[in-house]
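Chain IDs A, B and C follow the sequence of writing; residue 1 opens each chain.
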Amino acid sequence: MSTALYAEWTKLRTVAGPFWLVALAAVLTTALSAVTARAVSCAAAGCGVDAPLIALTGVQLGQAVVAVLAVMVVGDEYRTGMIRTTLAATPSRAVLLGAKSVVVAGATLAAAVPGVLGAWLAARLIMPGRGFTAEHGYAPLSLTDGGTLRAFAGSALYLTLVALLSLGIAAAVRDAPTGVGVVLGLLYLAPILAAVVSDPDWERRLHQIMPSDAGAAIQHTIDLPSLPIGPWPGLGVLALWSAGALVLGGLLLRLRDA
Amino acid sequence: MIGLVRAELTKFRSVRGWLVGCGIAAVLMVLLAVVAAAGTDARVGGPRARGALPHSSDGTPVFDGFTFVQRPLDGDGTLTVRVASLSGVALRPPTPGDTAPEAPSGSEEEATTEPWAKAGLIIKAGTTPGSPYTAVMVTGSHGVRMQHDFVHDVAGPVDARWLRLVRTGGTVTAYASTDGAAWTRVGSAPLATGAVSAGIFVATPPHQEYEQFLGGTSVVGGGAIATGTFDNLSAAGTGPGGDWTMVSVGADDSPNRPESTSTREGDTFVLRGAGDIAPIDGGAGPKQEQLLSGGFLALTVLAVLGVLFVTTEYRRGLVRTTFAATPSRVRVLAAKAVVLGAVTFAVGLVAATAALLVGTAIRGANHYPADALTQVRIVVGTAALIAVATVLALAIGTILRRGAGAVAAVVVLITLPYILSAAAVLPAATADWVLRITPAAAFAVQQTVPEWPQVDQAYTPAFGFFPLPAWGGFAVLCCWTAVALVVAAALLRRRDA
Amino acid sequence: MEATIEVNGLRKAYGSTVALDGMTFTVTPGRVTAFVGPNGAGKSTTMRVVLGLDRVDAGTALVGGRPYRSLRTPLKHVGALLDASALHPARSGRDHLLWQAHSQGLRGQRVDEVLTLTGLADVGRRRAGGYSLGMRQRLGVAGALLGDPPVLMLDEPFNGLDPEGIRWMRGFLRALAAEGRAVLVSSHLMSELQDTAGHLVVVGRGKVVADTSVADLIAAASSDRVTLRTAARTEAMTALARVGATVAVTERDTLTVDGLSADRVVTVLSEAGVPFSEIAAHRATLEEAYMELTRDAVEFRATEVSR
């Protein structure tokens, strides 16, 4: 496993693409968060805005880049045919996918942590000027606050799980553009479905089972009991999706001709 | 060029995966229509809720409830009145656990007048809700208006207080005046001849404040009540010596509506009541375009095809064969765009039609009504949107030459702005702005519910209202695609194959 | 570990198309085994099966007595070159080898060794996307040598090589075999392997048509045929026909004799006192011998293709 891991790490760092994607994911996450923080305002006390949730809007954009990064790790090998060299060097499909998962998770965290911290910094600088002040019941966002810490750290985990989901799907479809299409379709479908379905039971169920919706529960800090799913169980649902995708990808990798 | 188009068409249809992709796109679209139809809750604007509403003569669902002091009018006649004062104020919103508001009097909150509180003259074909009418009125903050048949609204002088309606044959003409001497014609409208009701009325729509927060928009508000004071009422042509009688039109529309009252002291009438005479916005209820929301998924699938249509040529070095066969690279790009646009338009048309038919079959007519022309517009518009978006994907694929990145770029450009706006993450003003400049503006082609200037509503993306008209929004997407195609063509010419 | 590849009864079908139909052979150390056959005969599929890339419906493929997927550091057991172009164009050749080295627990130093060995030391740090086909073949061979494996398996290593490159590759393969390695080289051009291969596995339609040493094959294909140059054409024909040979006139003073060895022809002519200026025993080329063998096994006949 350690040699396969070392090999995957060497692969990742010897082309420029992943580096730029990591940088792009971090920058876009921070940028959209900052823009959203700038757009939202709180006019009076009790405006009911979940400040950390606003500050983490950029994660919705960052996840697209993270998905591309993860999908490319597998998709590029199929595109070039290098997958056969890889499998000749590491015949165990489980070990290979495990090694890729670790490397992808690491690269994603390298993007997510600065991205999320940037979002936090931007929110801290911008939001007090938009009415999120002590008079309106908003203390400056602090990462020592339990809920806020959960939202921000959880968002980094969310991005990591999205990357693993993407990796599993890429291993299953073996083509990078298709993989990105499937992943983004899955991630962005939930809010659209929720807007269409008006039956409250259906809507609630959707929020509970769709990967992006359930996973994003981790970003909520207020009014938790009314959420369709709690923050950690929500992230758990996403984790199940990721695990399912990886198992499916690994199984297909094992069964199919390379 | 025709040969080139045929060559590209052959390329497209000879890859089985791409044909399968087209099929998947269509199936997903229909599937989403089924989910949308099945997931419609009858409790939120289901047939029972919607069906109870009156409809105007053109089928638009309307509110028709007001306090009416009237006399019969059989033939021609002239009504004149001065609206001495109009106030429309919000009632204290019901506190939790308190099902009905307190008695109207004494619970009035603030003195700000409801903008669309109405007091004035009306000639109406009977007191049945939904029947045609012509009215001229003073409003809370929109000046004098002449309105007829719910959907028509004509602005009159801002500060007039004297109102007049003249019925001549099949036409009713409205006048307004500041002094009761010099009259300004506001407009006229047809009204069937025969016996009608004529008189004075007040109404005010409920007080509403829209507040948008992450994941939803809340409507804060509650009942409101209008008080209108009238004097100098004259009614030439009305029934001889007939007394003025009060009718509460559409009184049982909503149980929480304050009771209509009218008092008369000499020549002065004081009318109090709530309700409105106006079309209903589509707001939170089911809408026909929801059956086409699978367009997002179809678009994602077809965007992948659009990107692959060009990037696979680079991947396999096929592009050299292509450019050897046709040295003019711009023409190759044009042929690809034509083929892709035509094929995906056809797929989109079939899929959207099927989605609408299947969804309607499941859900019935349980949605805001859309006439045939609107239905054609949303189906054709959705197909066109999908086709142009796929061509945008082709152009971005040509620019980036990397399939994965191109797919992500297209999906993020089109879907993410829509999600952030429609899911009410962004405040309404920002959301409007986003839906004006991003390719997501094109989803305006799917909007079926019109915006009524005479109805105060949150016409925000969160409620399915787009800032641009249907074809304006579509033009935004076309602009993006055109720019991307030009950049792609320039790069194609410059770069080595 | 034993340096062998044992392929036993491989069967594989893609739908109704049979790719492998009982493929069986063994590659032994110390010589270059040529794995030849027309396009589509199942050579590449067999190699992918040996590397655990493709699954089979029946049969086994063992490297040094073990299935490939059970090897922990497989590149130390068998080095393979399948598709030289299968690399990331943005990665340098050296880095392409480096990740493979790391996957086997090898160090970067070994990468530099194989780069030198294959003559790529100067270009190793350039983007592999810019390599010529010949450089990619060398890079592929370098990758196969990374783990210093006792077994080598190269799929069409001559593809895209210039004449100098072909000569280098031949010498390289011979040297590797001389070190005691088992070397399996596939090709569809027999002439490339002339003077290189010691053993031959000829395949067609998914199974082995011939499994023989090159010397035996050529001897078998070279039937008794002698070319004779003589001024006394008529006398020679009479003398040879008398002992039962079939004689044909090919040129004014040249005869082709079938059915007699060169020694016997010399004896007969000498006894009859017929003068001759030149006598030569015909020797089949590897190419001819191969064509003879695969005549029935060729899947894509020229006539079918040209239609």
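Simple rule for what comes next: a residue touches a chain if its C-beta (ideal position, glycine included) is under 8 Å from a C-beta of that chain, and two chains touch if they have at least 3 such contacts.
Just so you know, these numbers come straight off a predicted model, no measurement behind them.
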Identity of the chain that, by mean CA position, is farthest from chain B: C
Selected pair, greater C-beta contact count between A-B and A-C: A-B
Chain whose averaged C-alpha position falls nearest the assembly-wide average: A
Rounded Å distance between chain B and chain C, as computed from the means of their C-alpha atoms: 75
Chain A and chain C: spacing of chain centres that average the CA atoms, whole Å: 51
Geometric centre distance via CA averages, chain B-chain A, whole Å: 35
Residue list for chain B, restricted to those that touch at least two other chains: none
Of chain B, residues touching chain A in the complex: 32, 35-36, 39-41, 44-45, 211, 213-214, 284-286, 290, 293, 296-297, 300-301, 303-304, 307-308, 311, 315, 403-408, 411-412, 415-416, 418-420, 422-423, 425-427, 429-430
Chain A - residues contacting chain B, complex: 36, 39-41, 47-50, 53-54, 57, 60-61, 64-65, 67-68, 71-72, 75, 79, 175-181, 184-185, 188-189, 191-200, 202-203
Chain A - residues contacting chain C, complex: 3-4, 6-11, 14-17, 76, 80-92, 255-258
Chain A-facing residues of chain C, complex: 48, 51-55, 68-71, 73-75, 80, 82-83, 85-92, 95-96, 98-100, 102-105, 143
